[in-house]
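Pasting a structure here, questions to come.
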Amino acid sequence: MNDVMLKLKPARRERLADVLYGQILEQITGGQLVEGAKLPSEAQICREFQVSRPVVREALMRLQADGLVISRQGIGTFVKSRPSDKLTSFAASAEIASYLRAFEPRLALETECAGLAAMRRTKAQLNQIGEALAALEGAFQRGETGWEEDFAFHLAVAEAAGNELFPRLLQDLRDIMRGSMRMALSLTRRGSEERRRRVLEEHRRIFMAISGQDPDLARLYMRFHLTESRARITGSHGDR
Amino acid sequence: MNDVMLKLKPARRERLADVLYGQILEQITGGQLVEGAKLPSEAQICREFQVSRPVVREALMRLQADGLVISRQGIGTFVKSRPSDKLTSFAASAEIASYLRAFEPRLALETECAGLAAMRRTKAQLNQIGEALAALEGAFQRGETGWEEDFAFHLAVAEAAGNELFPRLLQDLRDIMRGSMRMALSLTRRGSEERRRRVLEEHRRIFMAISGQDPDLARLYMRFHLTESRARITGSHGDR
Amino acid sequence: MNDVMLKLKPARRERLADVLYGQILEQITGGQLVEGAKLPSEAQICREFQVSRPVVREALMRLQADGLVISRQGIGTFVKSRPSDKLTSFAASAEIASYLRAFEPRLALETECAGLAAMRRTKAQLNQIGEALAALEGAFQRGETGWEEDFAFHLAVAEAAGNELFPRLLQDLRDIMRGSMRMALSLTRRGSEERRRRVLEEHRRIFMAISGQDPDLARLYMRFHLTESRARITGSHGDR
Amino acid sequence: MNDVMLKLKPARRERLADVLYGQILEQITGGQLVEGAKLPSEAQICREFQVSRPVVREALMRLQADGLVISRQGIGTFVKSRPSDKLTSFAASAEIASYLRAFEPRLALETECAGLAAMRRTKAQLNQIGEALAALEGAFQRGETGWEEDFAFHLAVAEAAGNELFPRLLQDLRDIMRGSMRMALSLTRRGSEERRRRVLEEHRRIFMAISGQDPDLARLYMRFHLTESRARITGSHGDR
């Protein structure tokens, strides 16, 4: 492990933690920060990036949650793994941080949607989920990213929850969800066959649990799918 | 138990299940449907209210979830308890159903907010939650409903979750949340001293769990509070 | 779909529902009950098997939860899928039902263990989990079932939870857990390479989440693993 | 806040963390450690008590989770609140720590039991839960602690879960559960009327959720009850 200079441009924008997250991510992806490299201390980053301590902490916490760095108490923070360099070719790095953040409310909302859908879906709603699944599969076979079909699938589940507030809230997240889906699925399209198979299988399980009217199973599979989707973006499981 | 005539006006609006829910609620509150009375069969309600079976099922399912009716398999559906007649003086009955529905996405979103807030809140954010709590207590002492203070408390928790999408989504629910808070707290204001004490205590626990940085506890207390708030509206626990 | 005669031997033992579950499972596995076949009505099964209605309901509910039959309200219960015929060569069919039942307390206990282990594990405890994982991989490579290594892994997670009551309770379930692990892993050994890969990956994820000190992730991956293990026994996902 | 001498007797027994927890608890209850007092550093406690760092951390973590001390990062650990001095008159302080530990597996197991009971309970099983509830109320009216009735209630819920492994596991925890119930309810008997009312209400809610066949509600109310029971022992909510 070796200590490195981290190059930071002072920033003055709303989500400072995102910008900082993005700059560090960029340097990991770009190879300036290699695996095992030690990041500067929180205090140093504060000074150099000209932000307060909580902003630095938030950015580091997210990088750690994404499996990109690891903090060892009393020693420091180290680069842990390097995500696909394709990642930063799809979006500006601050935008990537913002896409990743969308998974938090999605986990909360969509896990609940899946459970309610398993209890309440009408036959017509189930068919709509099934059709979105088939459309996603078709898009993959045609070599497309399938992000519109992906969004349609998740919206159909929200509609099957039998409470119109759920699709409304998902619509509020639409732009950010689509951005993250496009990015994730672009990586998947260029990734292995195995990776596409997994994405489909995760959706299929959600469909089956809703079809089988098992709310606990539907919640589990939705939560698993969203967690894995996020991990596929940050690359924390490798190319899968 | 005796069979009764249920008077229904055919309706043609978007949320038919809400309108149906509201009409039945009104007759229970108004005393036309007394405890133990048997509702007409699903098929009869379909015909009379001129809606499809899923609409009737949804309305009955919600009435049952709210503890207002009870279904006995193969026998029928019976009126179980009668909510405060003050209830329908605050809002049109279809509106009440819509307020109640807001608790579903709130449970999903706010439970998660409370957990994240316990992990991430800054000292300033914690103070803001504490101030909203004090303001709610003050409002109660002045004999006000305190619904604005209540909303401010929940928004402060969402802000402490460290992800700006949470307060944004809560803002989307603002009107419907405020409606339900105003209704619930109006009932509370006219209710017993004990009831006000409970409302405050539930908020205080959420604050303490976030202050103590215990995410599981914060989730539990938020979930408990929202569940109890809903029950206070439908009156399923009595005047508490 | 065609109606079939279900051959049942009246039974008088403690877990009547298990025995009934086992007899129906046996006839599905053995091919007497083919896909799409309609089971006799609850009332008929009561009479023929000479048990009360709740016993029949419990057995049918479990068969449905295991994806072996499907109930269509007001129409009847139908055979949905046929598990591997290897299944009943490993254990008497009532024993299989008892093994499957062990997953319920395991889901409750071990999900919590995984979460606590992520928060509390010492370095030595983490190493022990890692060694059990390596041992399981080794067993698979040598063509063994690896059920002792599997049990050792789960026990190591329970020990890392920092509360000696968890390993004690797991020891109480030891015999039934080992029976179900032996059965599941025997099916896996004879199954596809893909299936072994999945079993290892599920364990590896649990290890990584505990190593990364992420309690929510550890809970999710443990719950996913146990759910999938159960599904691998009943064959509800096919040979995976 | 003032720095104090903490008197510790070196110990060599299996659950060192419990013994250490108990000694500190005793000094808080006994008044040697007053509110606001600063505990010695982890390193000092290690030396004086002659145990390793993880043992000290575990004891402090539990004291903090129980609301008895609070850690301020980089500053130290301080006494936060003083539980009822009646507490240590009921049991040796290491025993108290062991009773408190029983709540962890109980939360995992009994939350799940309550959910399954809501889905599966027969009418006879529901009656048994109701009778245990009535017996607990009777015991309170006669001025008894009611701990046997309390255990009977929880066992009846486990039996209604429809899986004999749950009551079996609860029986394994019987002695430790009874110890903690006896202690908690002795405190309750000497406590306020309000406190007894709450204990009954918590049980009544669990019963009602199981009766109303609402698994999510049953899980929530069981989790709430167990969390509050634990808090009543450590006194972290005051005399309630």
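The first chain written gets the first letter, and so on, giving A, B, C and D; residue counts start at 1 in each chain.
To be clear about the criterion, contacts are C-beta pairs under 8 Å (C-beta built on N, C-alpha and C of every residue); 3 or more make two chains touch, one makes a residue touch a chain.
Predicted, not measured: the structure shown is a model, and the values here were computed from it.
With contact taken as defined at the outset, subunit B and subunit C are each touched by A, D. In the contact between subunit A and subunit B, the residue numbers used by both copies make up over half of all numbers at that interface. With centres defined by CA atoms alone, the chain at the far end from subunit D is A. Between subunit A and subunit C, the centres computed from C-alpha atoms are 31 Å apart. The centroid of the Cα atoms in subunit A and the matching centroid in subunit D are 38 Å apart. Those residues of subunit B in touch with two or more other chains do not exist in this structure. Each chain pair that touches appears in this list: A-B, A-C, B-D, C-D. Against subunit B, the residues of subunit D that register as touching in their complex are 65, 67, 70, 212, 214, 217, 220, 223-224, 227. Across the complex, subunit D meets subunit C through its residues 15, 54, 58, 61, 101-102, 104-105, 107-109, 111-113, 116, 120, 122, 161-166, 168-169, 172-173, 176.
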